[in-house]
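Structures for review follow.
Look at the two complexes coming up: subunit A is in both, with subunit B in one and subunit C in the other.
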Partner chain A sequence: MKQKLSHLWGRDGTKSVLASLISIVIGMAVGALIVVLVGLLNPSMGPSTMWEGVRLVFGGLFSTGRDAAGQLTFGFNSTNLGNMLFRATPLILTGLSVAVAYKTGLFNIGAPGQYLMGTAATLILALSIPSETVPPALIWLIAFLGGIAAGAIWGCIPGLVKAYLNINEVLACIMTNWIAANLVTWLFDKGSLFEHLQNTVENTKTAYIYKTSFNGVETSKMGLDLIFPNSQVNGGIIIAIVIAIAMYILMNKTTLGYQLKACGANRHAARYAGISDKRNIVLSMAIAGGLSGAAASLYYLSGNTEFFWSTYQTLPAIGFNGIPVALLAVSNPIGVVFTGCFMSMLDIVGLQLTNLTAYNEYITDVIIAVIVYLSAFSLVIKLAISGGHGRKKRAAELTAADAASPPPGGESPDAGNPTAEKGGEEA
Partner chain B sequence: MRTMEAENIIEMLHITKEFPGIIANDDITLQLRRGEIHALLGENGAGKSTLMSVLFGLYQPEAGEIRKNGQVVKINDPNDATALGIGMVHQHFQLIDVFTVLDNIILGAETTKFGFLQKKEARKKVEALSEKYGLKVDLDAKVEDITVGMQQRVEILKMLYRDNEILIFDEPTAVLTPQEIEELMATMKEFAREGKSILFISHKLNEIMEVADRVTVLRKGKYVGTVNTCDTDKQSLSNMMVGRPVQLEVVKDEARPGEAVLKVEHLSVPSHTHKKDAVHDVSFEARAGEILCIAGIDGNGQTELVYGLTGLEKCSGGTLTLCGHDISHASIRQRGENMSHIPEDRHKHGLVLDFTLEQNLVLQRFREPQFQHMGFIKPAAVREYADQLIEQYDVRSGQGAVTIARSMSGGNQQKAIIAREVDREKPLIVAVQPTRGLDVGAIEYIHSQLVAERDKGRAVLLVSLELDEVMSLSDRILVLYEGEIVGELDPKATTVQELGLYMAGAKRMAKEGEGA
Partner chain C sequence: MTFLIQQTLIYAVPLMIVALAGVFAERSGIINLALEGIMIFGAFAGVLFVNLTQQAGVFSAAKEANDWIALQGFMLLAMLVAAILGALFSLLLSFASVNLKADQTIGGTALNLLAPALVLFFIRIIANQNTLQMYEGDAASWFMIRKANFGFGRNDDMGFLGETFVNRTYLATYICILLFVVLSILLYKTRFGLRLRSCGENPQAADSLGINVYKMRYAGTTISGALAGMGGFVYALTTANCASTGDVAGFGFLALAVMIFGNWKPGNIAAAALLFGLFKYIAASYSSIDINGDGVFFLAELGISGHLYRMLPYLVTLVVLAFTSKKSRAPKAEGVPYDKGKR
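Up next, the complex of A and B:
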C-alpha cells in the first residue's frame, strides 16, 4: 500500500494536479484576503459582511440566497450549477484549443479570432437557412459544423505561415485575431451583406444579432434542464465533454496524435522519420481553430445568447480565457473539463457576491488573475513539491514556463456584454 | 598525515548520489594530487559526469564529503566551486551565442568601477593568458560565429580568467578535430607543469594513456580502482572499465561484396553557408555485403552528402538509385522503405528527447500494421517490441520502456537509435559517426553490429571522422575533400599517413574521364 502511494506520488501527473490545486487554493485565498481588505477600508462593511464575502468566495456555487433572518443559506442550487455548466461549455472548448496546440509545440493565442470566425459562420448559417423548409435540427448541425470549419480555416492561416515561412505562430495569431474582429464587424455592419440579421424585434439594445432561437434553432437540452431547473444549461456541455474525450484519445491513442506530438517535440526528428512536419503544423493549428470555432457555435446555438456584432475594437474574453484553462489543466484534455468548470464557477461566485452582498463581481476577476499568474508558475510549484533536484532541468522548464505565460486577460466571459474598452488592451 | 594533506588538493570521499531508479554514484572516492592530470574513466552512464557535477556544486550528494587541502568543504552551487578555485569545461559548452568572446569570458566575474564595466583591464588579462598558453581566440567575434574548437578555448580561458587551480574537463575531445586534440593535450600538460591540477573525463584510452598521470576507473556507478598510467596499458584499462575482456580491434572476415544497392551519379547538394555546392558531382556505388566508408575532415560535405541521400536536403543535381528505383526526388518516407539512417546528430534528428524510449523505438515504424490498427496505436504491441529491442540491444535506462529519452546516457541513447535502425532490416544502412562520444564497450558493440549487418548482405555506408574507425571497420574508403571525392582507397593497402594526405587535400586521384 505504501509502495503504491509512493508510486502515485512519484508520478508526474500527480504532481501536476497538486501544483494546479495549490494555484487554485492560493488564488481563492487571495480573493478572500481582498474581500477582507475591501471590508476594512470600507466603514459601512462590518465583520459580518466580510465573513459573508469570504464564505461566498469559497462556496458561492452552493449559495441559495438569504433566509428570513437575513442569514446566508447554502445548499444545492440548480440555477447556479446549471449556469456554471452552461458557461463552462465554451471555456472547455477554447481551453482544449490552446491545450491541443500546446501539446504539439504551438502556442495558440489565436483562439479569440477563431472564436469570432466561428461565431459569424454559426450565426449566419443558423439564421439564414429557412426553418420553414429545413428541419431545425439539421440547421443546427450545419451551423455547428460551419462554425467548426470557419474556426479551423482561421486557425490554418497561422499554421501555414509558420510551416512554410517559419513565422512565429504567436505573431500570426495576434494579427489574425484583429483581422477577424474587423472582418466580423464588417460582415454585420450597416450596408453589409448580413445587416438584416441585426436584431430589430427586441430592440431594447442596439447592435445585436438575433438569437438563433429567432429562427427556431437551439441546442437540445438533453434532459439537463430536468436536473438543473431554472438554469441556462443545455446539451452543449455534453458535446464539449465528448469532444474533450475525443481529443484525449486523438492525442494519446492514435498515430495522428503521435505524429502531431512528435512534430511539436522535435520537428527535425519527425522529419527524419518521414513525418511531414509542415502538414502536421498546419493540421494541429486547424484542429485548434476548429475547437475554438466549436466553442463559439455551442455558445451561440444555445438560443439564449445574443452576439454584439461591433467587435472591431474588442476580442472575446472566452478566447483568451482558454489559455488559463489549458495552463491550469497542464494541457491535459480531460483536465480541461474540470478547469473550465472551475473558471465558470468563479463567474457564478462573482454574480452571487454582486447579488447578495455589497461586494461586486470584479473580485472574482482578481481571483482569476492570481490563478492565471500562479498557473504560469505551476511548474515551479511542481518542482518545489518534488524537492527540486536537477538545476539544469529546472532552468529548462522555467524557460518553457516563461514562453507559455499567458497575457493578462480574464474578464468574466459574459459574452452578451460589450467589453470594448477592456478587450482592446489584451493583444 | 601532513604530507597526505599537502599532496591531495581535492579529495572526494565515499560520495553517494542517487537519482530515481538509479544510484549514479555508489561510495566513490577520488583523490586529486596537486599538479597531476588525473583521468576519470568509465562507460557512458558509469557516473563520471554526476561525480563531477557533485564536485562543481550542481548536485548535492546523499553521503560522503569533499575536502580541499584536507579541509572539509561544502559546495552548494557553482559559485562555491569557483570560490574554491574549481573550474569546469562542460561537455556542452555554457556560452552565450550572441555575446562576444570577451563578454563570455568575463561574464559573472566582471571588473567594475562605480558599476561600469572595465573591459580594458579584462581584455589585457585575457590577451596575456591567451598569449601565454597559445590559446588563440578572436575576442571580438560572437560565439555563434566561431568554430567549436575556439569555443572550447573560450571555455578554458574562462577558467584561467577566474584563476582556477583545479580544472575539470568533461569529455573535451569529443567535439574536436585531431589537430585540435593535439593542441589541447599540449595545453593540459602545460597547465600541469605550472602546478594546476586537472581532472580529465574521457573514455578514449589513447588520450588517457598519452596525457594522464593516474586514472580512476568507475563502472556502473561504483569505484573500480585507481592506477598509474605508467603501470598499465589500454587493454587492461578497458577491461577494468567494462568489467570483461574487450576486443579493441574489429574482428571481421573478408567482405564478399555483391550487387550495388545504392548508385550515386553526379550528385550535387547545395550548401547553406556558401554559394558553392557543399557536395559537387559525386559518384559512387555502395554494394551489398560491404562497409563503404566516407572519410574526411569534418565540414568537407559529409553532412550534406548524407542529407542529400536521405532526403533531408534537396539535391541540386545528379541521380540516386536505391535498389533499382530512382529516388532522386523521392520523399524521406519513400526512401526510408529501403534505407535506414543512423543520424549524425542524435539529439536533433535521432530522438524525440521528450518522448519515452518505447515511443522513440517505433519512430520509424509506427505506421506498420504491427503497431497500429485504423490509426489507433496498439500500446501492448509497442511495449512488447520495445522490451524486445531493449533486451536484445542491451539498452540501459532507469525505467525501461517508459524512460524519457532525455534522461538516458548518451551511449544508451545511441544504442536505442542503432537498435531501431538496424532492426528495420533495410538493404542500405547509412551510419553517420555512429560511435561518436561513446565508450569502448559501446563502440565494440556497435562495430560488431555493423559487421554483422554487412555479413547479412546489407550495404553499410559509414561516415566517420575517426581515422582508427575508418581503417579498422571499412572494406573500402572514399575520401571526401571540399565536397568532392578525391580518393578511393583499400584499407588493407593503405596507411593512416596516406589517408591523412588525401583528407588534407594534399593528394588526389585523377578524376575519371579527365585522363590520368
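Up next, the complex of A and C:
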C-alpha cells in the first residue's frame, strides 16, 4: 500500500494536479486579498461587507442569499449548481478545443471565431427547418452536427494556411476571428438572407435572434432538471463530458492521437518518421474548430439562450475563456471537465458577489488570471513539491525522460513540457 | 484626401508603435502575447491620470489662460504615465518568463486576462459604471491641435500640408512616429540594439561574449511594455474619446499580427500598419469616401455591403501574407527560456 502511494506521489500526473490545485488556492487567496484591500480602502464598505465578500469568494456556489435578518446564508443551492453545469458546458468544449490544438503544438486563439461560425450554423439550421414536417429531435441533431461542421471548416483555414503557406497560426486565427465576427453579423443583418430570424416577437430587446425553442428545438433535460430544479441545466453537460472522454481516448489511445502529439513535440522529427505533418496540422485545427462549434451548438440549442447578432465589434468571451480552461488542465481532456466546471463556478461566485454585496463580478476574472499566471510556472511549483532545489536537476531529467517515452499508465506525458510549444513556434 | 491621410494615421499609429513593442520583446527572445493586456492597462492608467488632473482643476485653468501648450504637456504626461505603468505591468511577464523560465504563451495569456479584469474591477468601483471617461469635455476639445492655435482664423486655408498634418491632429500621433524612428535606429544601429537582438537569436553565443542575457531580456520586455502601454493610451485618446472600457477592440492582437506581417522588421511594420490603417479607414467610412473630390461616393455606389468592407483589413492581411510568408522568419530563440547550463 505504502509503495503504491509513493508510486502515485511520484507520478508526473499527480504533481500536475497538485500544482494546479496550489495555483487555484493561491489565486482564490489573492482574490480574497483584493476584496479585503478594497474593503479597507473604501470607507463605504466596512468590515462586515468585507467579510461577506471573502466568504462569497470561497463559498459563493453554496450561497442561498440573505435571510430575514440580512445575514448571508449558505447551503445546497440547486439553481447555482445547475447553472454552474450549464455554463460549464461550452467552456469545457472550447477548453478541449484549445487543449487539442495545444497538444499538436498549435495555439488555437481562433476559438471565438469558430464558436461564432458554429453559432450561426446552429441557429440557422435549428430555426429554418420547419418543425411541422421534421421531428424536433432530428432538427436538433442536424443543427448540432451543422454547428460542429461550421466550426471545423473555420478551424481548417488557419490549419491550411499554416501547413501550406507557412502563415503563423496565431495570426491566421486572429484574422479569421474578425472575419467570422463580420460574416456572422452580415448573415443576420437587415437585407441579408437570414434577416427573418431576428426576434421580432419579443421586441423588448433589439438585435437578438430567436431562441431555438421558438421552433420547438431544445436540448433534452435528461432528468437533470429533477436533480437541480430551478436552473438552466440540460443534457448538454453530459454530451460535453462524453466528448471529453472521447477526446481523451483519441489523443492517448489511438494512432491518430499519437501522430498529432508527435507533430506537436517536433514537427520535423515527425515528418522524418513518416508522419504527414501538414495533414496533421490541418486535422488538428479542424478537430479544434469542431469542438468550438460544438460548444456554440450546445449553448444555443438549450432553448433559453439568445444570440446578439450585431457582433462585429466584439468576440465572444467563451471562446477566449477556453484558453485558461485548457491551460489550467495542462491540456488533459479529462482535466478540462473539472477546470471548466471550476471556471463556471467562479462565474456564479461573481454573480453572487454582484447581487449580494457592493463588490462586482470582475474579481473572479482577476482570480482566473492569477491562476493562469501561476500555472505558467507550474514546473517550478512541481519542483517545489518534489523537494526543492537539491533535486532540481534530477527532476528536470525525469520530466525530459517522461516526455520522450509515454509511461504505461496512460497519463499524459507532456504536462509542462516546454518542447510541446516549440514545434508550433518556428514558422 | 486630407481626411483619408488623417484617419489612416489615427488607426495606423497605435498599431505601429505596439507592433514595435512586440518587436523589442521578441527580438530579445520573449514572446509578448500580452500586448493587448498591457494596452488595456496603459489606456486605463492614462485615462485615470487625465481624469484625476481634470478633477484637480488643472485643465480648466490652462484652458482659461488659453495655454494650449500646457494642455499638450498634460497629454504628454499622461502618455508618460501610461508608458510607466505599462512597463511595470510587463514586469510580471518578464519575471515569469526570465526568472522562473515559465511558458511565455501562458504568461502572456494570463496578463491578457488580468488586465481587463483588474481595470474593470477598479473602473466599476471608481466610476460605478463600466466606462471611465474624462471628467469633463471630450478628447478633441482638450487635446486636438487646431488652426486657431497658430493664429489662423476659422476660414483661413493652411495649405494642403498644414490642413493634413497640423489642423485637427493629435500631437501624440507625431510623438509616436518620432519614437518609432528613434527606437528603430536604437534597435539596428547601436551596440545595445545588436546585443538585444543577439539574445533573441542565439542567447548562448551572446552569453559567451559576456552579454547578460537575463538583463537584455528584461530590457526588451520593459521597453515593450512601456511602448504598448503608451500605445494603449494613444489608442484610447485618438479613437475612443479618451475613455477606458477594459477593451481596446483587439488592437493588441492586431498589432501582433502587424508585427508578424512586417516580418519583425520596423520598416516593413510601418508599411504593414499603414496598409492595415488604410483598410480600417475604408471600413469605418466607406460610405463617405470621395476619392477625387467630384462629389461621387464611388465605394458606396458600388453597392457592396458594408460588412465586406469591414472584413477587408483582415482578408487583405491574409492574402498578402499568403504571398509573402514563405520568407517570414521569427527570431530563432523566441519563446525558449534561457538556461545557462543548456548547450
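The rule is simple: the second predicted complex is superposed on the first by the 382 of 427 C-alpha atoms of A that agree within 3 Å, B and C clash if a C-alpha of one lies under 4 Å from a C-alpha of the other, contacts with A are read in each partner's own complex, and residues count from 1 in each chain.
Just so it is clear, a contact is a pair of C-beta atoms (placed from the backbone, for glycine too) under 8 Å apart; a residue touches a chain by one contact, two chains touch by 3 or more.
Keep in mind the model is a prediction, meaning the values are calculated, not measured.
Enquirer: I'd like to know which partner A:253 touches here: subunit B for first, subunit C for second, both or neither.
Expert: first
Enquirer: Touch check for A:179: first (subunit B), second (subunit C), both, or neither?
Expert: Second partner only, subunit C.
Enquirer: Taking the superposition on A as described, I'd like to know which of subunit B and subunit C A:363 touches: first, second, both or neither.
Expert: Second partner only, subunit C.
Enquirer: Mind working out whether A:269 is in touch with subunit B, subunit C, both or neither, as first, second, both or neither?
Expert: A:269 contacts subunit B only, not subunit C.
Enquirer: Check whether A:313 is in contact with subunit B, with subunit C, with both or with neither, and answer first, second, both or neither.
Expert: After superposing on A, A:313 lies in contact with subunit C but is clear of subunit B.
Enquirer: Counting touched residues of subunit A, say whether subunit B or subunit C comes out ahead.
Expert: C
Enquirer: Classify the contacts of A:168 with the two partner chains as first (subunit B alone), second (subunit C alone), both, or neither.
Expert: So A:168 only meets subunit C here.
Enquirer: So in the complex, the part of subunit A that touches subunit C is made up of which residues?
Expert: Subunit A residues touching subunit C: 34, 38, 42, 107, 109, 161, 165-168, 170-172, 174-179, 182-183, 185-186, 189, 192, 312-315, 323-324, 327, 360, 362-363, 365-366, 368-370, 372-373, 375-377, 379-380, 416, 418, 421-422, 425-427.
Enquirer: Residue numbers of subunit B touching subunit A in their complex, please.
Expert: 19-20, 58-60, 310, 312, 331-333, 336, 341, 343, 348-355, 359, 363-364, 366-367, 372, 375-377, 379
Enquirer: Looking at the complex, which residues from subunit C come into contact with subunit A?
Expert: Going by the criterion above, the answer is residues 31, 33, 92, 96-97, 100-107, 109-111, 113-114, 116-118, 120-121, 124-125, 247, 249-250, 253-254, 256-257, 260-261, 305, 307-308, 310-311, 313-315, 317-318, 321-322, 325-326, 328, 330, 334-337.
Enquirer: Please output the residues of subunit A touching subunit B within their complex, sorted ascending.
Expert: Touching subunit B: residues 10, 253-256, 258, 261-262, 265-266, 268-275, 389-392 of subunit A.
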